C-alpha cells in the first residue's frame, strides 16, 4: 500500500486527490494539510467525502507526519511560491514528489520569471524534474524523484498535437489553440471578483491573451516531442477563455498544412498514438469531442475534422481539468512511478 | 426633469438605478458615486451602459455635487452602516432620500439591533420614514422626506400576503414563506466564498434559517396591513434559499385556513388587490408564477393554488429582486413622491 | 458475481446503473437495452463510460439474453406503462426485479389510477412488492421477488420525516415539504419544451402543485412508518420545484409541534435513526444541508433547525436524485437482496 | 408612426421584436402571428411583456390584417422555407420586408442549396435584396424593398473583420473565427435533444465544423467589403460552439499578417470604422470584450490584442445574438429604411 501525503488538501485539486486516493486499491492518503481547516475532520468540512477518517493539519505538521509515517509520495497542490519552497526539502528527505504547481515545468528560468513573476532558486532540481504528461513520459517516471504534473491547458493542447510527430514540420502556420475552461481550471475558489458568480454566470470571455503562463509550457513540449519548430514556423498561438461551468477544458486546435493531409493518414497517426494509452479516446469519424464525454473521467477525448481540401484541420480535445488536467493525471503518474497498473483508482 | 444622485452607483442596485434613470423620460442621474471607480466614466467601466456621459465620484464629492446642482432626490444604494451615517444629513439638506438599505424599515430599534448588529442613532428620522412598498403606501409617498425602500424578500412575500386583508385572521397557522433568490439578491459581487461561482453553481441551499433580517420586516408590515396577529396566531416562518442564477425571487407561500376558502372568494380578493396596480399581475387559474415572467420587469407576478379541500392554499409570487425588489421599486417610489406617472421609466 | 440486466439502459437512470454496476466488485451488467441505440456499443454512444464492452439491444432481445445468461436481477428503468407490462413475466421467470418506475409503490390502485392515469392489472404482484426505501426495509429485501424502488422526492422527504417516529403524532399541522429538484429528477432528456434549456436556464418555478404523483407515496409511507395520521392531522403538503441545475433534490420540511421539542430531544431522535445507516448523514448543529454535500454520492444529508421556541422546526434533506433517489438506491437494494455489503459499489 | 407586422411572433426573435417595437417611440406592432398561440393575448402567454394588448393570429390572418391596416413593414421571423414562400408576395403587396431568415443573404443559389438544402425560386428578388448589416449598408436601406437581416455569427464576425479594409490583402493566412454562442443563437426552443437542458448544461462543444451555413455568408461579405480574396489567400475558417448560457456570441478572430502591424495602425483603422457608428464600441487598449458588455444591448463590442511581434492579432467581438445578431439589428434597419434615428427604440 502506497502511503501518500497531500500538501494542500482543501483546494479543488487537493480534494480530488483525497477522493481518488481514498478509493485507490493500492494507495491511501495518510496526511492532508490545510491551514484554514486545521484540526477538523475532512468529511465534516466536506460531507461529500464521507466517510473519511482523516484530519487536516498544518503544512508543517503534515510534512513531519509524512516523514514519521514513512509516506512514499507527497502531492503538492499548493501555490507556486509554496511549491518552490517546499519541494526541495521533501525530495531531499527521500519522499517522491508529484508537484501540481507550475514551478518545475519550464526548463528556462528566464521564461519562468517572465510568466510567473518568481525567481527559480532550485535550478538543479528543475533540471532533474520529469514532466508528467503521462502519455509522453516514455518510461522516465519509475526513476523520477520529482514529477512536474502538467498544466491543465497544456495537457489538453499537447494530447491534440503530439500525435502529429514528424508531420508537424509540414504545418504552414503555427497551431492556433482556442481553449475554453470551466471555472475550476481558471482559479475557482480564489476569492476575488473574477470568479464571483455574478461575474461568470451567463458571461464568457477570453483572458491573458498572448500572455498566459501555459503558453511557454505548450511551446516547449510541443517542440520537444514533435518536429514543430517555432524558429522557422512561428510561435504557437494560444487563447484561454472562461466558461460559466464548473469543470472541463475544450481545446479547438486549428492546423493548416503546406500540403493536404488525407483523412486516412491523419486518422492513422492519431489511432497509432492512442493505441495502448488507456486514457486517450479517439472518436470515430463524424463525431466531435464534447466536455460531457470527458468530465468526471481521466480521459482525453479527441476528434478530427478536415475541411474539403484536407489542408485545414480542426482537432478538438476534451479533458476534465481537475482529473486528467490535474489530480487524475497526478495519480496516473504515481501509478507509473511505483510500477502499478496505470489505471488503478482512476476508473 | 428630476435631478437624481446615486450614492453607491457601482453595486448591482446602483447600476440598475443608473440604467433606469438614464432612460427615464422625466428624471436624469447627475451624480453616481463609487470609491473603487472614482474618476472613471461609467460606460467605460460598464460598457453595457454606453453611452452614458457621467463619471463616478467619491461619496463626499458626490454629495457636495448633488447639493451644488440642486439634486431633488438621492438614492442610497450603500451598506447599512453607511446609510445610517449619511441619510440624516442628506434629509436635513432638503434632498429627498430613497434608502435601499435596511436601516429605516424596522420600527423597533431593539429588533433592528438584534438582526443588523447595529445601534440606531436616528430614532426620530426612523419614526418619520415612510415604508416604500409602493402598492401599500396609500398616498404617503408625496409627502415623504425619507423613504425606506423594502427588502427584496419582503416585497415578494408581502405582495403575496397583503391581499388577504381581514381573511388573514382566519389562518389556522402562521404563513410559511419558502423563498428562493438569485445570487444578486443574496449579496452578489460581495467578495467572499459564499458567492464564488464554485460554491453556487450546481448547488442549492437554505441560509439564515429563522434568523434572516427580512423576517421581522415581513412580520411587522404583515401585521400592519392585514388582520394577521402573531401574538395569537404564531410567528411567521420564513426560509431564504440561494438559487444558482443571477436574479429573481420566487416565494412559495403556504396558507392553512381554519375554514375552507373557495377559489372564487380567494380570486376575488387578489383580483381586487391587483386592480389599478400597474405592477401586480395576477395569473389566470391554472398557471403558476415563474421567475422568467417577472425577471427584467418591475412586476410582481402572483398565482393562486388551492388543494382539493380549499383549506390549504399555495400562493406564489415572482419578482426581479433588482427591479421590483430594489431599484425598480425605488424609481416607482420616486415617481410617486414627485407626482409623476407611477410607471414612468419602468416599462 | 451477480449478473444484472438493465432494461432501459440509455436513460439517465439506466446510464447511472451501468456506471455503478460496471465498477461494482460483486456484480456486473450483462444486458442493457435501448431501442434508440440498439446494436451500438455503450461506450461509443456514451464515451464517458469507456471502456465498457457491451452493446445495447432491444428490450425483447435483452430480456431473452438475460434469461439465457441466467441473470440474477433485472433493473427496470423504463416508463410506468412499460414496467406494468414487463415486470410480471420477469418476476415469473425467476429473475428478481428492481423496478425504478412508480408502478409498484402505491398500495391503492384507485390512487394509482388518479395520479398515474393507468389501470393496474397486477394487483397480486403489487401486494407482494417490497418498498425499497433501503433504510426502512427492515429485513424484507432478502426475500423480495419485486422491489419497488422509491421515487426521488419521497426518498428525500421520508428520510427527513421517518426519524420522528412516535413524535409525529404531536405535529400540530401536517408537514409542509417544499422540494426543489434538478432537471434530471423532473424528466430531463424528455423531448418537450419544459426541459428545453431556454425554458429552464435562469428560471425557477413550482409544478404540479397539490397534484404530483409522489404526494400519495410520501403520505402512504409516512403513515406506515410513523405515528402521523392524515385523517386526524391533515394531509401532507408537498410542492415540487424545478431547479436550473442537472441533479440533486433539496427538501425543506416545515414541522410545527403542539409542544416545543428541545434540540436535545430532536437531535437524539435523528441521531438514533442515522446510527448504523451508512447512507444517512446527520450534520452537526449549526450546519445546513446543501446539494453539493450529497451530489455524486448515495448519501442523504440531513440538518435540523429549530426556531427560538422549539415549536417550529425546519428539517432539510439533500440527496442526489439519480443516486440515492434512483439508481444508487436501486443498487443498495440489490446489495441487501443478495446479502452483500450494503455499500458495495456505492463509494 | 410606422405600423409593423411580425410574422412569427412567438419565437425568440419574434418576442424580442415585439418587446422592442412595443416601446419604440415611432413604431408599433399591429400584427403578431403564431400558430401555436393563435387567438391568445400576447401578454397572457408571455407575462414579461405585460401590458401588451395584442392577440396572436395565424400567418394567413396576420398577413391579411397587415394589408388591411396598411402596415408599412413586415418582419419575417420564421423558418427559411416559410420565408422563401411568404417574402415574394409580401414584397409585391407593397409592404417593405425585413427577413430574419437566411434565404436572401447568399447571392449564389448553388451555395444556398448546398448549405440550406433548399431550392431558391426567387432569384430576381434575391438579386434585389439588400444585406442588412446596418454598418455596411452604405445608404442602400432607404430604397430597399427587401432587407436580408444578417445571421448572428456573420454579424459578430464581419464587424470584427470589415475594419481591416485594404489591410486584409496583407493577411498571411485566412482569418480563423472561433465563435461561441448561447443557446438562443443555436436554435433554442427547437424541440430536439440538442438543446435539452441535460445536453447543454455544464457541457460545451463545437458543431457543424467546416459546414455551418453562416460560413459562406461571412466569406461573401468579407470579400465584398475588404481586400481579402479567398482565391489567393485561402478560405475563411469558422467554427461555431454552443455555450451553456441563454444569449450572446463571442467571436475570437485570429489574424496573421505578412508583416507586423503596429498597435497604432491597427487601432487607427478600427477607431475610424467605429466613428459615427452608434452601435460599434471599441474598447480601450488592455481591455477584452466580454458577453456581459454586449448582452441586452444592440452593441457590438470590439477589442484588439497583438502579440509581441505585431504579426499575430486577436480581434474579439461580443454581440447579443437576439439583438444586434437578430431583432435589434432588424429594427436598426427599419429605422434606417424609414429615415428615422438609427438608435430609435434601441437604447
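Order of writing sets the chain letters: A, B, C and D. Residues in each chain are counted from 1.
Rule of thumb we're sticking to: a contact is a pair of C-beta atoms (placed from the backbone, for glycine too) under 8 Å apart; a residue touches a chain by one contact, two chains touch by 3 or more.
It should be emphasised that the depicted structure is a prediction, and the values quoted were computed from it without experimental measurement.
Of the two chain pairs considered here, A-D and A-C, the higher C-beta contact count falls to A-D. Taking each chain's centre as the mean of its C-alpha atoms, the one that lies farthest from the centre of chain A is B.
One inter-chain figure worth recording: chain A and chain D are separated by 39 Å, centre to centre, where each centre is the mean of the chain's CA atoms.
Inter-chain centre distance (chain A to chain C, centres taken as mean C-alpha positions): 37 Å. Of all residues in chain D, those that touch two or more other chains are 199, 201-202, 244-246, 292, 295.
Within the complex formed with chain D, the residues of chain A that make contact are 172-173, 176, 178, 180, 199, 201-207, 209-210, 234-235, 237, 239, 241, 243-248, 250, 252, 254, 256, 288-292, 295, 305-309, 311-312, 314, 316. Residues 23, 44, 46-48, 50-51, 202, 278, 281, 283-284, 292-297, 299, 301, 347 of chain C are the ones touching chain A in the complex. Remark: chain C residues 12, 183-184, 188-193, 195-202, 244-246 touch chain D in the complex.
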